[in-house]
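The first chain written gets the first letter, and so on, giving A, B, C and D; residue counts start at 1 in each chain.
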Amino acid sequence: MSFTNVENQVELIKEISGSDPYKCMKCGKCSASCPSYNEMDIKPHQFASYIIRGDVDELLSSKSAWKCLSCFACIERCPRDVQPGKLVDAARQLAERQRGGDHLQADEIPELLAEDLPQQLLVSAFRRYRR
Amino acid sequence: MQRIGVFVCHCGTNIAATVDVKKVVEMVRYEQGVVFADDYMYMCSEAGQEKIIEAIKEYKLTGLVICSCSPRMHEKTFRACAEKAGLNPYMVEVANIREQCSWIHKDKEEATKKAVILARAAIAKVNLNTPLKEGESPVTKRALVIGGGIAGIQTALDIADAGYEVDIVEKEPSIGGRMSQFDKTFPTLDCASCILTPKMVEVNQHPNITLYTYSEVEKVSGYVGNFDVGIRKKARSVDFDKCTGCGECMTKCPLGKIGHIPSEFDRGLKNRPAIYMPFAQAVPAVPVIDRENCTYFKTGKCGVCAKICPSKAVDYEQQDEIVTVKYGAIVVATGFDIINLDKFGEYAYNESPDVITSIELERLMNAAGPTGGHLERMSDHKQPKDIVFIQCVGSRCDNEEKGKPYCSKVCCMYTAKHAMLIKDHWPDTNITVFYIDVRTPGKNFDEFYRRAVEQYHVNYIKGQVGKVMPQPDGSLLVQAADLLDGKQIKMKADMVVLAAAIEPNPGVRKIATMLTASIDNNNFLTEAHAKLRPVESPTAGIFLSGMAQGPKDIPETVSQAGAAAVKVVGLLAKDKLKTNPCTAQCDTLLCNGCSTCANVCPYGAITYEDIQVNDHGLRETRRVAQVNLALCQGCGACTSACPSGAMDLQGFSNRQITTEVDAICR
Amino acid sequence: MPMNEENTEFRPLIVAFCCNWCSYAGADLAGSSRLSYPADVKIIRVPCSGRVNPMFILRAFERGADGVIICGCHPGDCHYSTGNYYARRRMALLFSMLEYIGVENGRTRVEWCSAAEGAKFSKTMNEFCEKIKSLGENVRLGDLRCKN
Amino acid sequence: MKYSYYPGCTLKNKAQDLDRYARASALALGFELEEIPEWQCCGGVYPLGSDEIATKLASVRALNYAKEQGQDLITLCSACHHVLKRVNDDMKNVEDIRTRANNYSDFAEPYAGETKVLHFLEVIRDVIGFEELASKVVNPLTDRKIGAYYGCLTLRPGKILDFDDPENPKIMEDFIKALGGTPIIYSMRNECCGGYTALKDPEFTKQRTAQIFEDSTGFGADCLITACPLCMYNLNKSDAKAKVPVYYFTELLAEALGVKEEA
């Protein structure tokens, strides 16, 4: 698959996420619920607009893609079934599928390891930060 | 052989933009029976109708096909037009080339082709049409209003003032409805009971109005002008005629202090005794015994109320009573409730007594309410200093398990009202309203909302709240995002008020089914036409008033109630109604008296009689079906059930429908 | 005679029986809301879904229809109280018989659509058309004399 | 009663307590956990993308194994519970994922979500019953004020996991009551601990866990219980002033049932 144009990426995000950004009514309940709100540069209630406008590159290179905790609070509470968490996760996957998009390098690991670190943390981080 | 005229309407550009009208005229000109075909800009206009009348006379037309909008729109118009020219109105058929063709198709060629086919089907049908004559049925000059809230009260008063008898059926012990629970009303801040109570009293005293409170509609049969309605008068356990409304029984009921029976009227913020009136100004001022909770009914012991009643009005033996009354028209004014908030756990409504709904706030601010009008938290009875309002809780919600897809319409305004009333009484209170959009269309409405901001300094923040978290210190932490400032907010509050979505009264579905009145996915009653017939149900003789039809505020409800009343009066003013001539007919030569048709007829319109027939010289007595034309509503159930093909429906006969099928499949 | 001969794409012929009170009004709403569905659908107005005689459906297939759909009020909402219940049971029997003689089940359908469900009407018709297209032309009951 | 059991990576290693106490307690309650042979790690995070197949296969294999045994599948770890239930839901309801996942596998017959996935707590609630549990308690946790920390993965999305009300759960509170303890309800119990960001962003998780401790102890909790090894790790790493001990729910269960020493 190649990502040559913006429409293609927008379509991919819609397909991967299975969610329809046009349903968003900007109520902001996602941003109100998000535990990572302050860590994010693009806020959850803005995800839909970025995709509608086609500003996918910005979303892909945003901090937000790596700051979502996948805690599903926004998905559970979204009154419009837009599920911003799914949109940003799709963006994260697109970023990872592109060359050099990984957020975690193998060399980093030893430094980050702690004695009592559970395997779950490692596998989750790998799932979330790398292809 | 018919002489048919075909008239194709442009409907301005509504049809002509997508259907080649001229071509349709050319294509149908040589269909069987067609002697004249023409097109015109607006067929329904006076000039258009004039054209039809001229053609009928000039070409001696015996049948008409109008290719235009839906027959549900203008069939009546064109039938009347035919009648004017001396043609039987039932010789008219409408081909729906607007709603079913030009409005939904883009490709002109394709749409034109379809329009021709639809016209052909109508022409084929008219070839088989026969003149039909409408029957007449009498009108019972009495109306029923279901629901005794402000909508039902206003409708009943208007009908009664016009000189017709009207009954109100209300399932609660008193009329008054939701409005009687409110404190003040927007946008003028009059006290709700000050403007409602006089109307309630007027209803009670009006010679033309009969009240059935604590009663429910149980059964409906009949049709427009002639409904038979069974009303269940639930046992009040108090003799209506003897009770003076002194209220002694209510103060002495032992359960009043220890019963823990939540008052429905006070939304559970206060308890009530087992023998009770919902509120002090109840109409009628006669208490009822809540048999489910009453100690006497549960254990056979107690009997205090009967003992102390000075007029010996308490009657434990009273039974439910069912009365059947005839009506000419029925108005549904069943009102609304707010949705259950169990699915909105994030707002901690079930967890914290200090998270309340707006209706509960109405009660808390009402001088006759559980706190005597002093605003206090239910947890510690302290006056709240910081109050947060959350809008759209369950409104505009796409998740049907949780909420409703529509805007509840009144919340923005009543929230501004609440904010201002609180600030008026307790100016030190800090009020924050979290909104998605502030919607204030209406006369003096936006000014009202702006006053809350400009004069009362109510803090409006755009952004739906994410979560309300009860804190160890008894406060509530409200987590939200200010979307315009781009900040996440955590704000402490003493009280949180939820603007819960409005939904039609849950009982309305049962009533709609009994009335065969159509109802939408959200349980709002459907109007006959969204714009032109907004207070009528598609079912003849059924009218709509108030929230049962859709969210609306009090001024709108009152206007609609008046409009429904006018429609009812218009109906009752007639002595006779024309009946639908499209009724079933039995071909006695084919009928073998099997009773299948009578079993499926919903109106009991089919009876049997013995006739003498001469079958090839053999004289015999045969049992055959007979249709009572006054009862038959023309559904045609008998026609498809009849095993011998003896039953047929005038206006939609087997041959007519078959020929339509043939024309479409040609 | 087809007006558009160069178009070789299969266009099915679909007959829809709509009751006057709910589904015909639903179709009107679909129209006034401009919710499109294929022109292949032609609607016949009947007072009630209970009026639809199995003969009409057989006739449609005999004359070359590729699909037949019957639309009525939702269960419990029939303007005549019970017509749609009879229709539902009658059609269940008819459809199983049709399948027996080779008219696939997908070619026939009963759908409930209220006067307020314009969107549902349009969606149903679109889906039904797609289904019929995937099934192709109906040849089983087609009277050869009536088709080119 | 026997169940297929999917322990998951962490329970075999850093979270052995969660596993060991569960097995002992299960026996005391009259059911047995049969560990699935050759299970593979679920990945810890459910791949949200609808086009992700490979990352779902480990779960599919475990699910199919349980189906072949004719057993329900039990998990203990919140993450495994989350991933397995969601993949199972995909296999049941999403045709595309079902087809493609089966194409990758060599099952005797295609897997279509037949297995019932249960969290250990669901077995106690729905099969054993809290009353029955209470009757088997020999060392009631009297005077213990216990805050249940649910985190996110056990509860959300509520519709698919069907575990409890995602905003106001009560299964762990009922569990604590059955063990004789006093459950402490607090608002942060279903808020995220920071999860896997602990690896690259430990300061952030510390902020989150501090709030959790503050809220729960504010309501009087003297300890917390969790079902998730990652929550456990993050909570333990906290340097919050309000920090209290955190236990796996199975540890308190084994203690109350009097089987802690045997485990």
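We adopt the following convention: a residue touches a chain if its C-beta (ideal position, glycine included) is under 8 Å from a C-beta of that chain, and two chains touch if they have at least 3 such contacts.
Treat the numbers as computed from the prediction; the structure is a model and nothing was measured.
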Among all chain pairs, the one with the most C-beta contacts: B-C
Centroid spacing, where centroids are CA-atom means, of chain C and chain D in whole angstrom: 50
For chain A paired with chain B, centre-to-centre distance based on mean C-alpha positions, whole Å: 46
Centroid distance [mean C-alpha coordinates] between chain D and chain B, Å: 48
Rounded Å distance between chain A and chain D, as computed from the means of their C-alpha atoms: 25
Contacts with 2+ other chains: residues of chain C: none
Per-residue multi-chain contacts in chain A, two or more chains: 73
Residue list for chain D, restricted to those that touch at least two other chains: 166-167
Pairs of chains, among all present, that meet the touch criterion: A-B, A-D, B-C, B-D
Footprint of chain B on chain C - complex, ascending: 3-4, 13, 15, 20-22, 24-25, 27-28, 30-32, 34-37, 39, 42-48, 50-56, 59-60, 63-65, 73, 76-83, 86, 90, 114-117, 122, 146
Touching residues (chain side chain B, partner chain C) in the complex: 70-73, 96, 98-101, 103-107, 109-111, 113-114, 117-118, 121, 512-513, 516, 518-521, 526, 538-539, 582, 600, 602, 633-637, 639-641, 649, 652, 654, 657-658, 660-662, 664-666
Of all residues in chain A, those that touch chain B in their complex: 23, 25-34, 37-38, 43, 45, 73, 77-81
Sites on chain D touched by chain A in the complex: 8-10, 13-15, 41, 43-52, 55, 77, 79, 152, 156-158, 166-167, 191-192, 194-201, 204, 208, 228-230, 232-233, 236
In the complex with chain A, residue positions of chain B that touch it: 346, 392, 396-399, 402-403, 436, 462-467, 479-481, 483, 486, 488
